[in-house]
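Before anything else, here is the set of structures, which you'll find just below.
Okay, so chain A shows up in both of these, paired with chain B first and chain C after.
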Partner chain A sequence: MAGTALRRRLGHRRLTARLVETRDETATARTLRFAVPGWPGHLAGQHADVRLTAEDGYTAQRSYSLSAPADGEFVELTVQLVPDGEVSPYLVRDIEVGDEVELLGPLGGWFVWRPEQPGPVLLIGGGSGIAPLRAMLRARSAASPPFRLLYSVRTPSDVYFAGELDSPDVTLLYTREAPDGVERTPHRIDAADLTAYGLPAAEEPTCYVCGPTSFVETVTGLLIDAGHDPARVRAERFGG
Partner chain B sequence: MAVFSRAFHGRREQDPALPPGQYLTEDFPVLSAGPTPPVSADDWSFTVTAESGERHAWTWAELMALPAEEPTVDIHCVTRWSKLGTTWRGVSLDVLLEDVDTAADYVLAHSHGGYTTNLPLEDVLDGKAWLAFEFEGEPLEPVHGGPVRLLVPHLYFWKSAKWISGLQLMLDDQPGFWEELGYHNYGDPWREQRYDGD
Partner chain C sequence: MTDGHLDGNALAGPLSTVFTAEVTTAVAACAGCGRSGPLAAARVYGAPMGYVARCPGCDQVLLRYAEAPAGTTLDMRGIATLRLTTAD
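Let's turn to the complex of A and B:
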């Protein structure tokens, strides 16, 4: 976690965001595209706080990953429904195109990929943890160093961003049920998967791991066992 | 002017123990910037380094020999969850800093794994901070900072550095890991000091 060159203050502001488009990712997750006049841009991997205000002034605020790279004054958030949550049910079920929320951001300067950053990139996501990794994958250009994405999902119907992940650099690791034609028997990510589909420690990739706590603990442990330097392993954990 | 979100009603928790913008959680979310470092009690040590360079050090066994307290406190994460009435076991920093000769006004907490966070010295004295090694009667789990973490419950929880390895006493303030990355320098939950400029 050294990397002082990466440390710098990142400004943020609170802006009005108008929903312009939605896309269902799964039965319980939705990508929201907002127009945000004044948005200063962001780095892939950063997040934003969404603030909702009821008519009587009651407010609630939560953080969500920005799931697409900088795109002028548009941002995308991908939200997984938390059944007993206060904010996610509104964002996944209730909000409609034209509705407004407040957005504070961009936030976070650690779990980010900068285009000028040297070296290959290994992205490992579990479930909804794919959201910031998708922004990194889409932020790369032809000139970028090698990228590799491992995406752990339970079943084919749990895949976010289906249709844009059909690339030799992307491996879907099904844990419960795989589609026809996939040879790998469904199981949770293990050391053999890292060897087969990841990038070797000798290439010194920066590793970004995002998902539920147990997933992140497992994967960061596998990476370190495989010889990756802990200083090059960055983690973002969702919930307990 | 406020922006209203059509059809949003919210839950309206009004528990006065919750600082503004926080919600109650019963589980214990984990937030760390990197891998959980493997730190065993046997190789754990804690060092206080004064601005003069004078060092005071404790091993795990020496920490265990000090008088421990069982604070029951509320904790508040900047990501908006709070837990109320959590019980810890640990040694007050008053005990550890008792014999340290210093004119410092600030401390920088250092952790195994490279994490740092800064605090005013007065915020870790007078019964406000502990080196905690048990949570709810069990040894502190590695994901929560075990074997020993800093516990400073009156500030957002990123100030309660996991896997604590030492305190550096400083005459001048110096931002730590998250403070360099745009989070608030002090982090008072009751004043919602989340980000730089709040």
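Let's turn to the complex of A and C:
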């Protein structure tokens, strides 16, 4: 496929990204929309490395998931503030529309969903791990196989992409505090949640798990215990 | 129960400065235990200036990557073979 070959060749170019829009997701996270001339397109689930260079030449680089599907020369990154971090405080608090950063990407070929890929899809995100899964959810079409998204989040005020997630395919799993009307008692995701809201192993979904390392370790274990083939469980760990 | 490690996905950017192909989907065979799997599934430890990737089976070091002003060092002695598939 010519597009893929093109992506491969261009995949490791550093490009200049200009901020065109921001959207607050929570009190400590926001989505940044950049115009990136020369961006070759990307697959849902890929990430980009953002490099900041200070006036004295000091550079700092971090990886962020692309939180929206391919859209010409525009990309969206959703960034959670890491207190004492080197890069996220600038991206969440300081950067202004018109400012530029350096982007390396698109990156990664493993934690991706391809529209032509057969079989249903089970997405399980914890906290900011929703970002690449949101790109996958939005990349699907009416012809796509069944999708399910389980989104583990502390409280209603921690939900990213609120307003987009009101779908029968999406279940929010609150761990600390749930809104009124939610029957499930807040708790960390467990085997019963996978049974109730996921997809059975017999349907052979490709599972994508993303979030903090401890969350990913727990969920991949639950999936394998539930009979999912480890070869169909893909993970992306954010550390922490 | 966790040490905050990352996984091989995090190597995609750094290794793109060395390899022309997308290498995190490549299947690495561990020189220690023989286990094979995509580099993306390796356990990765480190900071932006350097990474260590370990085998999820036996914890052997598969790869070390370090960036310094003088240049980049890549040590892959823990990988017996690296197979780049011709997907799509």
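Heads up, the rule we're going with is that the second predicted complex is superposed on the first by the 229 of 240 C-alpha atoms of A that agree within 3 Å, B and C clash if a C-alpha of one lies under 4 Å from a C-alpha of the other, contacts with A are read in each partner's own complex, and residues count from 1 in each chain.
As a convention for this text, a residue touches a chain if its C-beta (ideal position, glycine included) is under 8 Å from a C-beta of that chain, and two chains touch if they have at least 3 such contacts.
Keep in mind it's a predicted model, so treat the numbers as computed, not measured.
After superposition onto chain A, the partners chain B and chain C occupy overlapping space and clash. Residue contacts after overlaying the shared chain place A:Arg237 against chain B and chain C alike.
In the superposed pair of complexes, A:Ser63 makes contact with chain B and with chain C alike.
In the superposition on chain A, contact is made by A:Arg114 with chain C only, not with chain B.
More residues of chain A lie in contact with B than with the other chain of the pair chain B and chain C. In the overlay built on the shared chain, the residue A:Arg134 is in contact with neither chain B nor chain C. Of the two partner chains, neither chain B nor chain C is touched by A:His42.
In the superposition on chain A, contact of A:Arg30 is made with neither chain B nor chain C. By the touch criterion defined above, A:Thr213 reaches both chain B and chain C.
Legend: residue contacts after superposition of the two complexes on their common chain; A:Arg148 is shown touching neither chain B nor chain C. Shared interface residues of chain A (contacting chain B in one complex, chain C in the other): 1, 8-9, 11-12, 60-63, 104, 107-111, 213, 217, 234-235, 237, 239-240. Across the interface of their complex, chain B is touched by residues 1-2, 7-12, 16, 52-55, 57-63, 86, 90, 94-96, 99-102, 104, 107-111, 213, 217, 220-221, 223-224, 230-231, 233-235, 237, 239-240 of chain A.
Residue ranges on chain A touching chain C, taken from their complex, read 1, 4, 8-9, 11-12, 47-49, 60-63, 104-105, 107-111, 114, 213-214, 217, 234-240. Remark: chain C residues 1-10, 12-13, 16-17, 20-22, 24-25, 38, 40-41, 48, 87-88 touch chain A in the complex. On the side of chain B, the complex with chain A involves touching residues 2-12, 21, 23, 25, 27-37, 79-80, 113-115, 143, 177, 180-182, 195-197.
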